[in-house]
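Working notes, structure below.
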């Protein structure tokens, strides 16, 4: 029915089958949208946040999607600025994932603020000394960059490309993409960093505070580094998931291996920096404020040392090692384990740097604060996932996302797919 | 406010005698009614109800018969920030400049119509002095007529906190203008609601910069940075006076006074053996 | 085959740029398009400048007309009714009690407005619900003591305009969204200011403070 | 955000921060304008060339 829209030579499942899949995900999306409107019209009392625990589950989701969305800027930087040719086979998909992540992040921020109609104050009345201001500016600008990077791919749709203007526009945009990618890399560097700075500058919170360079605490650099390290892992993970669901091979192994290798080396270097940072914080920064490390990890039912070990060893050193060593990297199972662990690791890091901070008591006579998210918070956190699945499905069905798809799937007919 | 006023600025502060405090809660009640704090339908969850002034209960952790109790009222600490330069934990992080540090008074403001409710300041404040309006403000019927016209009520979705009853400072300044001496607000003309309401006179309020004010005489603030930690300024030279979490360098303007060592020790975190070294260290000079 | 194509075929040696220029010149629809654009622009412009303020502001008449000119003449000066109290606070618009210092239960004149005043308010001992042109939003603290003779020695015309010369009370306009008086945002929809009293937004306060004191002020100086 | 807004101060911090911001915004918008104009130009010249060659 919609075969005229489907990329030439590509096999896609039937429209009814596709529609049923979309309807199921769409139902989840609507649930999230309903919760979103509840938060907007009834206020943040719909959540289980309180004055002790002022950041919700979705703020973690916000930081996490931005972190894993870092694959777009880093892959883009490698493709366009360092001119690594192989990556052109995955850059489209990396951009789409980035686009989903960043649009979700902006949406979450719009739900999170208590007075959404005043959201523009952050731009208009900007306090440039606040890390959050830098986040807002760079996030919005970088979202514009991702949109610009996504547009040519949309215009390459079979029907759209027949319009001469669109054809030329897509072609010309490819021509100067290096400029957009460079601007994107610049913006990304700062907003990823500023998100890390958000926690690092809170000198009233010994669990979060870090010393640093000039105005930037070390978390600034660690966040940028970790997004660049784990982002490509997430890109690979989503590619793998898409391959499993569609039952097709979409990207050649050499491309996957290259990106995995880059991600691996970035993870290894990051985790070394992270370990140094953790040790310095545990043995110098925190004790200078009167805190022992055990203060942050004991006397409560949830935040134990396990979280530190999981983040650094299981989800840091392990995936880093797997991806760096050639034999394990080229083993599909181990590689999958590594990219899953890596994605969990960076998400866990964001959880620690935004929510655990709220839980740790600072005044000596104060108590741990724990909270359980309400269904509205869960629904609005699931919302971006449903939205992401729908957008990827639509993009995969109608846009030439994977340049190698035709070549890889031309020999034998492939099973039906979504 | 002229620039030269910057030089002989006020620095309003408070000292609370924890040995006099009985934990009666008068300060909390007077604060709420003075500052138009709204009610919640169900006030049983204290973690999302608004209490600009909150009384904490401290114990020495010993079992009967050695148990001792102290109460610690906690208003906004009006931090001067690291080095007392005005970069308070909350002010420096607010993305929309909805809160600023008044260099003329040392008071940290909160502008309700500017705040858009990102709650970053709440995360940055270690004292939990900032409160979010989770609900629309509501008062029992007819009670809106008793609201103070000098204090702006707050809307849902924004952050609020103790202002050291700033409207009383504004009124005192008007009075000083009328009497032709705008640069000298009398001690008795500007007192916060909690200070005047405390039945045991535990709270003393005034200008920390003015040696004639009682608060200055009790605290004897050291104008020089602490040689052991340059972020800390205004340490008390009175050995019985301490501030909450002084080592973080937030430089609060609320001081606490207690004869009891275990109470003073609860003001901050100390590693093993540190307290014994630190407890006798006060401002650089003993005469003040 | 269109006229354009003919031309292009006949004259294939000229460059692409010249062709496009020619194409534009030949396009008879262009003139109509330009006219349509201008009309649309004028409609939108007029709509936004003339209609929008009408939609945004509701008009309210004062309870009855008040003759400032006559009252200043009779009472001697402004301070007879608007004065500073001893605690430095400002009396604002006088209550009925102050009016009754002169209007002792009987009219002093014969105007219709005075009839309304006596019948509706004086006889019923009811306060007059004046609409206050200069009323600032609730979050604003304004110190009269700090600005008039006791403080910065400003003339009240600077903010209120020549109100002592007015014989009638103008219509009060209220912003339907914010509920603020139109005098705050200003009469001119583009925010152009001719007189110092045309507008009283935060930026206007800050500008004067900056000029006079060297600092635009900390938030709490003017907020509550 | 703009030099006429209340919070603006002509200090080094504002100049660096907003300098960087407006620089990035400027590059992005200039790039997009250039690309759109060039695409329009290409489309027009192509349509003229094609119509010329089609006969």
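By written order: A, B, C and D. Residues from 1 in each chain.
Here is the rule we go by: a contact is a pair of C-beta atoms (placed from the backbone, for glycine too) under 8 Å apart; a residue touches a chain by one contact, two chains touch by 3 or more.
Since the model is a prediction, treat every value here as computed from it, not as a measurement.
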Item to check | Chain whose mean Cα position lies farthest from subunit B | outcome: D
Checklist entry - If you tally the C-beta contacts, which comes out ahead, C-D or B-C? => result B-C
Next on the checklist: On a C-alpha centroid basis, what's the spacing between subunit C and subunit D, in Å?
Outcome noted: 37
Next on the checklist: Distance between subunit B and subunit D based on Cα centroids, please, to the nearest Å.
Outcome noted: 50
Checklist outcome for this item: Separation of the C-alpha centres, subunit B versus subunit C, in whole Å, is 40
Item to check | subunit A and subunit C, separation of their C-alpha mean positions in angstrom | outcome: 48
Checklist entry - So which bits of subunit C are touching at least two other chains? => result none
Checklist outcome for this item: In subunit A, the residues touching two or more other chains are 125-127, 129
Checklist outcome for this item: Residue numbers in subunit B touching two or more further chains are 97, 114
Next on the checklist: Once you draw an edge for every pair of touching chains, what topology comes out, line, ring, star, complete or other?
Outcome noted: ring
Checklist entry - Can you name every chain pair that touches? => result A-B, A-D, B-C, C-D
Checklist outcome for this item: Listed in rising order, subunit B residues that touch subunit A in their complex are 45, 47-48, 56-58, 72, 82, 87, 89, 92-98, 114-120, 122-128, 130-136, 155-159, 244-245, 247-250, 266-271, 274
Item to check | subunit A - residues contacting subunit D, complex | outcome: 123-129, 134, 137, 141, 144-145, 148, 164-165, 168-169, 171-173, 175-176, 179-180, 183, 186-187, 190
Checklist entry - What part of subunit D is in contact with subunit C in the complex they form? => result 6, 41, 44-45, 48-49, 51-52, 55
Checklist outcome for this item: The answer for subunit B against subunit C in the complex is residues 1-3, 6, 99-105, 107, 109, 111-114, 150-153, 163, 166-167, 170-171, 173-180, 182
Checklist entry - What does subunit D use to touch subunit A in their complex? => result 1, 5-7, 13-14, 17-18, 20-21, 24-25, 27-28, 31-32, 34-36, 38-40, 42-43, 46-47
